[in-house]
Structures are given as structure tokens and as C-alpha cells.
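Right after this note come the structures.
Next come two complexes built around subunit A: one with subunit B, the other with subunit C.
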Partner chain A sequence: MARKRERAGWVFVAPNVVAVGVFLLFPLGFSLYLSFYSWDLFRPMRFVGVENYRRLVGADPLFLIALRNSAVFTVLTLVPTVVIGLGIAAALNRKLAGIGIFRTVAFLPLVASTVAMAVVWRFIFTDDGVLDIGLAWVGVGPVPWLTDPELALVSLSVVTVWKSVPFATVILLAAMQGVPEPLYEAAKIDGAGALRRFSAITLPLIRGPLSFVFVITIINSVQAFDQVYALTGSNGGPETGTYLLGIMLFQHAFGFYEVGYASALAWVIFAILLVLTMVQLWFARREAVDL
Partner chain B sequence: MSPVRRRTLLGSALAVPVLTACAAADDALTFFFQARPEEARVRLRIIEEFQKRHPDIRIRTIMSGPDPQQQLLTYCAGGKCPDVIMAWELLYAGLAERGVLLDLRTLLDREPEYAETLRRDSYPALYDTFTYAGGQYALPEQWSGVFLYYNRDLFTEAGLTPPTRWGDAWSFDEFLDVAGTLTRSGRTRQWGFADAWVPYYSAACFGMNNGAEWFTPSVAPNRANLGDPRFAEGFQFYADLAVRHRVAPKVADRLSISAPDLFRGGRAAMVLGGHWLYSEFAGQDDLSIDVTVLPVGPHGGAGAITAVGSTGLSIAASSPRVEQAWEFVKFATGPVGQAIIAASGLFVPVLKSAMSSPGFAAAHHDIRNRDVFTEGPDNSRPLPITPAWGKVSALLERGSTRVLRGAATATSLNGQFAADLDALLRDP
Partner chain C sequence: MVRRVLRGVGIYAVLMGIAWCALAPILWALSGSLKRSGEIAEQTLLPASPQWSNYGRVFDLLPLGRMLVNTAVYAVCVTAGQVFFCSLAGYAFARLRFRGREVLFVAYLGTLMVPLTVTVIPQFLLMRALGWVDTPWAMIVPGLFGSAFGTYLMRQFFYTLPMELEEAAILDGCSTWQVYWRVLLPHTRPALMVLAVLTWITVWNDFLWPLVMIQRNEIATATLGLVRLQGQYHTQWPILMAASMVILLPLLLVYAIAQRAFVRGIAMSGLGGR
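And then the complex of A and B:
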């Protein structure tokens, strides 16, 4: 009987196991294999050892630019996403009139297609877009949001934060709703204000989900591609203003026919993300608070 | 009947139409191209005409998405390369180098008489642009070049008459005066000039019209002439139109409205583009258009020149239907197909015989300066043909943006930038 049940269990999970094998493990392994080859998809593959990695780290000035841009972009995205996500989750956690409408509005970006919203933001960032019209009322502008290389990365971060905040909010709101009510009541009796309750009770008790939001936002920022492609083009322009690791990977694989080099880059991105995630998890575990 | 047998029979019955459909689809010649809806309709008309003459060859069209090169790469790398492939002059060398495209000389050599007739009726600049590393990897199918569309009413109001032929071009100074006269500031701004092409390609055309080639030699180049003072001067003149003289919209101005829309709405008196824009502008009651040529710089030649800007038709080297594909390519690029193209008004034909056909004149009867089209191929200069074009264009775009937004001068493209570009050309 137990064997029969075990077999049935295997039958149930088999499609997923096969899918993971075919669509995740095989590409993962194959890309690692490719990263040691020079291959343009058509001509025979040529083994080059660690040459792709050496070229990436030692001889490609654009890799350093992409790395720097990705780091700046991650910081510009991470901090506002977490801060705004926390603020909105705290606001949504309160029982107020009209909170349903507020929740709907706050979660709208979550359902929008990244490319569609990037196209809409493109119009917002133009000289005659709503942003510059608003700034003109206070005597500022016009601001070259997408045409100045330095500002383009900031504009890109604005769009990404707008898109990322709802997901962070969902996670943080769910965590906040799991904090036991008596703790707040006790704190209230002790005379703690709203801010004090938030910093002394809410934040320590949602550290786990907060850490998850940190990790996911970092991963999404380092892997950013679609919004960059739609907002500033396939070349990461203007100049190298929005040249991120995701754009570099796409360009080498599908624009320059350098599949091996792109695979090496993918594994370097993987290594960076792995290290960042492990560091983050280590911090989160060290400071964990048990209920 | 046992359940198993019943199931087998049912399955077989269902499989028959599916298999037939697959077999039928697999039997068809696949034709990959990119086209706007109006252009696609003309291509279908050409296919219909072809099938009247060759009822045994069926054609299945594959329309490209926004990035044909990437789509094609995926198809061909996956072993599903279309039989007939639209070829772009700047991109085909990468595919030819990798053995994706068939050298059409293998087929032309079998029919020397046809090859000779075709060659004699062709414009050398267009035919030769698809010649790479000793092979002929496509036959030209349409010329688009780039030139200037102008709003006839706005020119008449301003009392201006533009040149009618490539030999009578404006000088840079005259062009700037004209663009300035046609620029109006105010609530609804009107620009003298707008660019509907790729800005740094256009800027390079201005450089070429000031007497310097963009790349040397044009096929498999090993040097870019960004450091040539004549090229830099022309390039800078183009950038200054927007940045310094404000007679053209800057990059930021064009984020919310495209150049064709500006022109269509009467908010740009001239727009730079190719024949692909003709169907967007012609036949509109409130827009009276004509065409003129690019201006010539102080170091330029006797007349204006333009970029080849041609597309052609190739055959996949892996195609199992080379013979049928060849029949179609011969038809579309030969006298009959070209006559249909000429009469459609959507393309400029690439054969001299079709160019002088009454059909072409009738399709462009609104245009008074038709010589801009008919003389266009003879005044075309090749753009660089290199398998490294992807990398080269990415680098060029990066460098030229600085100049086009006014943060640097065109002379700054010399030095390290030009050296990097040359190194890339020599070792792609």
C-alpha cells in the first residue's frame, strides 16, 4: 500500500520534475558548459577554457561600466522600494474608511506589463510630459529625464521602484498582519506612540519577510532587462547611461552572436547574486528575533 | 471491436488531417520579411502573381517582428531557416559569414544569359552592395535611399523653391537658411527640418555629403573616417541643426512625437527619410508633398549623394527547396516582379527598365520631382558591409549620442574612439 502511494506520489510530481530538469537544470548546466567555449550558434564550437571569463573581467571596459551601473541601479531601486513598501504596508494595515480603494490603487502596478508601463513612463518623462508640466509650475525644468546619461539611470530606477513597490507591500503587509495584536495593546498601555510601536514591535517581528524583500529586490535589480530595453533601447543608452548587466548579456548573445561570452557573463551575474544573497541571509539569521 | 482498437482508429482518424496539414505546410516555400501592413499587401500581390505563373510552388509568408535579425537568428540556429529571406544591406554580411545564406552565384552561373541581362539592367551600387567576400548573397529588391520630403504648401507660403535633382543640391548654408525660414517658435512650434531615420546614420550622410566616405573600403572596411575633418564638419552640421540653430527638434523633443507625425501634422516643413515613408504621406488631402535632395557641404562634390539603403532577397544555404526559392527570387527581383513593385507605389524598383516604366510614374503622379527617385540609385553610396556591424553600430551609437545631444563636438570622435572602432573593424 505504502509503495503504491509512493508510486502515485512520484507520478504526480513527475511532470514538474521533468520540467525542472528540462527547463532549469539542463539550461543551467549547458550555459556553464558554453561559457568555456567560443560559439556563434552556426560555426563549430571552439574550446577556449577560461578565456571568456578572463576577457570579461580583465579586457572588457564595458563590463565594469555595466557592473557599476547595476550596483548604482540596485541601490537606487532597493532603498526606495523597501522604504515606500514599508510605508504603504503600514498604511494599508490600518482599518480606515476607503482603505479598499487605496489598496486597489497601491497594487495596480503589480498587474501592469513591464514593457507597457515602460512605454507609458517614456511619455511621462518627455519635455511635455506630466512630470515636466508639474515641475514647470514650481519653476523647475525641463529635465532631460531620458536623454542625459546620468539622469536616465535615475529615471529607470523611478520606473522600477513604481513597479516593485506593490510586490514588496504584499509581502510586508502579510507579515504585519501576522504580528500579534496584544503586543501593540501592551505597548499602547505602556504609552508607546505609533512610531515607537512600529520600530520596536513591527520591524523586529517582520525581519524575515523584510529580508526576503531585500533579496528579491536585489535579484530583480541585477537582472533588470525588459524595462531598460523598452525605456532606453537595446544599447543601454544614452551613451552608457543605462548599460546594465542584463542589457550586456542580451546584446552579446543575440546582437553579437557571442553565446559563450554571454554564458560566462550569466554565470558571473549568478555568482554575484549568490554572494549577495548569502550575505543577506547571514545578516538576517544573525539578527532574527523569535516570538 | 475492442476498446484499444477503437482508440487506435479514433486516434488515426484524428491524426490524418493534422498530418496532411503538416505535410502541406512543410511543402510550401517559406518567405521571411518585415513589412508595414501596406507593404505586406504589395508583397502578397507579388506572391499571387508568382503563383499564377508557378501554380506548383506554394509560398508561406513569415512576417518578422520588430527585430528581424534576432528572429532570423533564432529560426536558423534552431534549424528552421526560412527558404527566402529578406536581406538588409547592413546586416546580411553577418549571416553570409556564418554560412547561413547561399551564394547566389552558384545559381546565376547556371544561367549566364539571365545573369548578364540582370546585371545590365541593375544599378551597380545596389547590385554590388550584396556582394561580400566574393559571393553574391542577395539580389536587390528595392531602393529606398534617404532624401527629403517637403511640405509644398509651407514652401510656397515662404516663397521657397527646393532643388529638383541630385545635381542641383542646396549648400549647407542655403539649407540652414531655408530650415530657419521655415521654423516658427510659439505655442505650436513648427520645425524647418526633422529626421525620421536613425540620427547617426543621417549625420553620417551629411558627413558623406561633405566629401568624405564613412568607412574605407565600404565592403569589409578596416577604417572609419570619423577623424576626417570633412566628415566631422558634415556630422557636426547635422547635430547643430537641432542643438545650436534649433531648426530641428532635439532628441528630447522627439520622445513624445515622431518625425513623420510632425511632418504629417504640418509641424515640420521637411523630413529626412526613405521611400518607406511615401505611403504614409501620399494621398492625404491636407498634406501636399514633394521630394528633394540632401544638401552638399563646402567640401562635397558637384551634386548630392545618399546612402544605398537597399533591401534584397536571399536564399538560405540550408534550404531543401533551393530551386523553387530561386524561381521566386528571380521573379521578385526580375523584370515582372519589379514592374509590379514599381506600379505599387510602395517601393522604388532596382531595375532600370522598371524605373522608367509608366507604372512607376503613374504610382507617383503627385510627385513633381520624380527624378529624385529615378536618379537616386545612381547617386547612392554604399554603407559599410561588415560581419561585425552589430558591435560597430552599438559603439557608433554610444559615441555619436554625445555629439548629437550637444555634449561634445564631432571632432571628439577622433582619437581613442576612432582607434577603438578601427580595432574592432580589423579584429571583429
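And then the complex of A and C:
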């Protein structure tokens, strides 16, 4: 019987393991292999060693631009997502009549397609669009949301924040609901105000999920592609205003057919994400020990 | 007393504000989709006379109906495959002892970290080698046999089921397959719902993969169609907004119905989108 169950175990996981191996692990390894070759998909592959990486880091000014843009974009997205997400989660973490409806509506952007929403936001950002008219009421002139290279990155992060706040909120709200009620009551009796209760009880107790939200938001921002493509096009314009790492990867792989070079870029992105995740986990753990 | 009322009003005002921020872009798109071209620059939420024909024009300009059907077919296939193979593997990881299980499972968790951007190039090459580029196979097969994420989700759920369920069935002489299929699977319906809804949404909204894989409009997905339409009619806002609404609405309806399962799924799995 036990042996039968052992064999069944392997049979049951086999389709899944094979699929993950073929469609995920093998491509992962293969992209590392490709990153040491020069290949245009048609002529034979040529081994070039670390040349792709050297060109990327040393000789490609566009890489530095993409890196800088991605870094700025990540900060512009991460900070508002976490702050607004925390605020909204706190607001929704109440027992009130009709709170279910407010939660349902607030989480709505979660299911909305990123591409479709980016197109919708392009409409909102148009010259004399709804946003400019609203700003005109308070005396601010028309803003070149998508045509000014510097501002386009800000506009891009507005769209991304709109889309990613609900995700942060769901995670943080679930965590907040796990905080034991008596803790708050005890603090209330001791005379702690709402803000003090939030910073002394809620925040430390949801540190794990909070750090998770950090990691996921960073991963999504560094890889951002869908919204960039739909909002400002496949070239990362205006000029190089929204030229992010994801756009650069796409351009080299599927525009210029520089498969090896794009693979090297992919692994650099992967390495950046790994390092950021490690740093984040390290911080989370260290702070947990301090507690 | 007055203070308490004021506080209540304040809280509801904040909640209304939050709800408005989430809804406003969608409402604005809906409004824009019903306007005349000349009316677009006017800041009225309600169009003077709703142009429902804008929706008809979208379907004339683009085989959007076909694309929606394509997307639904891909989503049905991938969802069915994910639900079946992930629950099967999840059950094995949670309940069956077999050699190498722990090592394999840790490797699985590791693959959750791998972003699509790193693997998309070799995945494309693999599809090309198989001759699946620009065919529906590329959209269906990679997800059909399950994923590390779905397996992890199902395993966590199988763990929470009481051992007695299984023991009684084994004493009654059920085979391992019968234990899984007849006894345990019916109890995992909540988790299956979560996985199904998450998979459906992922496939419906997917963009990078169809962009790389699909050329022909006859087998394209709806998101791909929208971007192509945007490329051709980039200033025809009523048309573009109507197309966006056509893509958004089905999921918004699904969300309205399956909202609980969905939100719990996100919170449980801690995974939003890819």
C-alpha cells in the first residue's frame, strides 16, 4: 500500500513537474546560456563570452537611461503604493454598515486589465482632457502629461499606482484583521490615540505582509511593460522619457533580434530583483529581531 | 453626540473618496465611450445623447467578437488544466510521501521568484522550435499542465483538510486516485474557485505573451486587439473607450459575482498578476 502511494505521488506530480521544467526551468537556464552568445535567430550562434554584459554595462548609454528610469519609476510607484495602500487598508478596516460595498469597489482595479486601463488613462491625460480641466479650476495651466519626457514617467507611475494600490490594500487589510482586538483596547485604556495605536501596534504586527508588499511592488515596477507599451508606445518615448528595462528588453529581443544581448539584459534584471529581494528580506528579519 | 455624528460623516466621506478614486477612471471611460467625437473635450459625465453605435463601430473596425471568443477559449482551457493538474500535484505534495518530495517542493517555491521577462525569450524560441508561434497552442499548452503557483496554493489548502477524511476512505479500500477524486477534491471547492478565478483573470488580461506569440487577428486575444486598434485610431477616443469597456466589462461582472473568492485568493496566495 505504502509503495503504491509512493508511486502514485510521483505520477500525480509528474505532469506538473514536467510542465514547470519545460516551460520555466529550462527557459531560465537557456537564457543564461544565450546571454554568452551573439545570435540574431537566423545565422549560427557565436560564442562571445561576457561581451554582452560588458557592452551592456560599459558601452550602452541607453542601458544607463533605462536603469535610471526604472529606478526613478520604482520609487515613484513604490512609495505612494505603500503609503496609500496602508491608509486605505486602515480606513477599510472598520466594522461599519456597508463597509463590504466600499471594499468591493476599492478592490475593483485588481481585475481590470493593465493594458485596457493604460488606454483609458491615456484618454484622461490627453490635452484638454478631464485632468487638465480639473486643474484649470484651481488655476494650474495645462500639463503636458505624456508629451514632456520628464513628466511622462510621473504619469506612468500614476497609472501604475492606481492599478497596484488595491493589491497592497488587500494584503495589508487581511493582515490588519489578524491583529488581536484586545491589544487595541488595552492601548485605548492606556490613553493611546488612533495614530499612536497604528504606529505602535498595527505597523509592527503587519511587518511581514508589509515587506511582502514592498517586494512584489518592486518586482512589478522593475519589470513594468504592459502599461508602458499601451501608454507611451514600444520605444519608451517621448524621447527616452519612459525607456524602462522592460521596454529595452522587448526592443532588443523582438525588435532588433539581438537575442543574446537581450538575454544578458534579462539576467541583469533578474540579478537586480534578487538582490533587492534579499536586501528587503534581510531588513525585515533584522527589524523583527529588534522587536 | 454631535461629535460622534460628525465623525461618522467624516469616515463615510473618506470611504466615498476612496471608492471614487477606484471608480472614476472606469466611469470616465464609460462616459467617453458613449460620446460623439466632437463631445469628447466636454467635461460632462453624462453624454448629451449616448452613442451606443460607438460599440457597433468597434466591432466593425476590429474582429473584436472573434478576439473575445479566442480569449475565452484560451482562458477556459488553461483554467481547466490548472485546476486539474495543480490540485492533483497539490494533493500529492500535501498528502503522499514519496522520495524527493521535499527537495522538489523547495525547487518549486524557488521558481515562483522567476519573472516572465527573464524567460520570455527562450520560451519564444521553444515555441518556435515546436512550430507553435502564431497558433493557439502557444496560448494554451504552456499553462495547461499546471504551474508552481497553483500547486503551492492547492497544497496549502489540502493541508488544512482533516486527516480522518482520508484514513476512513483508505480503510474502505479506496485507491489513491479515488481518495483524491471522490473524497478530498469535493472538499477543496473554495480553493479551486480561487485558483480558477485567478487563472481566468490572468489569461484574460495577459498582454506580453500574446504580443510576442500572435500575429494573425483571427487568433489574437482581446488585449492585443485593443492595442492594435489604438495604433490605428489613436485619436478616436470614443472608439478606443468603447473597446476598453468591452474588455473590462466581462471581468468586472465576474468580479462582482466572485468577489469574495477573488479577494480571499489574493490575500491567501499573496500574488497579484504576474
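In the analysis below, the second predicted complex is superposed on the first by the 288 of 291 C-alpha atoms of A that agree within 3 Å, B and C clash if a C-alpha of one lies under 4 Å from a C-alpha of the other, contacts with A are read in each partner's own complex, and residues count from 1 in each chain.
In the analysis below, a contact is a pair of C-beta atoms (placed from the backbone, for glycine too) under 8 Å apart; a residue touches a chain by one contact, two chains touch by 3 or more.
Everything numeric here is computed off the predicted structure, so don't read it as measured data.
Student: Contact-wise, after the overlay, does A:D128 reach subunit B, subunit C, both or neither (first, second, both, neither)?
Tutor: Both partners, subunit B and subunit C.
Student: Identify the partner contact of A:N220: answer first if only subunit B is touched, second if only subunit C is, both if each is, neither if none is.
Tutor: Only subunit C is touched by A:N220; subunit B is not.
Student: Is A:N235 touching anything from subunit B or subunit C once the two structures are fitted on A? First, second, both or neither.
Tutor: The answer is first: A:N235 touches subunit B but not subunit C.
Student: Which partner does A:A266 contact after superposing on A: first (subunit B), second (subunit C), both, neither?
Tutor: After superposing on A, A:A266 lies in contact with subunit C but is clear of subunit B.
Student: In the superposed arrangement, does A:F42 touch subunit B (first), subunit C (second), both or neither?
Tutor: first
Student: Looking at the overlay, what does A:F254 touch: subunit B (first), subunit C (second), both, or neither?
Tutor: It touches subunit B and subunit C both.
Student: Does the superposition put A:V17 against subunit B (first), subunit C (second), both, or neither?
Tutor: second
Student: With both structures placed on chain A, which of the two partners, subunit B or subunit C, ends up touching more residues of subunit A?
Tutor: Answer, by number of touched residues of subunit A: C.
Student: With the touch criterion stated at the top, can you tell me which subunit A residues are shared between the subunit B interface and the subunit C interface?
Tutor: The answer is residues 122-123, 126, 128, 254 of subunit A.
Student: Would you mind writing out the residues of subunit A in touch with subunit C in their complex?
Tutor: So the residues of subunit A touching subunit C come out as 1-2, 4-10, 12-13, 15-20, 22-28, 30-31, 34, 88, 91-92, 94, 96, 99, 102-117, 119-124, 126, 128, 130, 133, 162, 164, 166-167, 170-171, 173-174, 209, 212, 216, 219-220, 223, 225-226, 229-230, 245-246, 249-250, 253-254, 259, 262-263, 266-267, 269-270, 273-274, 277.
Student: Using the touch definition up top, name the residues of subunit B that touch subunit A in the complex.
Tutor: On the subunit B side, the touching residues are 67, 69-70, 73, 76-77, 94, 98-100, 250-253, 255-256, 390-391, 394, 397-398, 401-402, 405.
Student: Quick one: in the complex, what on subunit A touches subunit B?
Tutor: So the residues of subunit A touching subunit B come out as 40-43, 122-123, 125-129, 142, 144, 146-148, 234-235, 237-240, 251, 254-257.
Student: Which positions of subunit C touch subunit A when the two form their complex?
Tutor: Contacts found on subunit C: 11-12, 14-15, 18-19, 21-23, 25-26, 28-29, 32, 41, 43, 85-86, 88-89, 91-93, 96-99, 101, 104, 108, 111, 113-126, 142, 144-148, 151, 170, 175-177, 180, 201, 204-205, 207-208, 211-212, 223, 226-227, 230, 237, 240-241, 243-244, 247-248, 251-252, 254-256, 259, 262-263, 266-267, 270-273.
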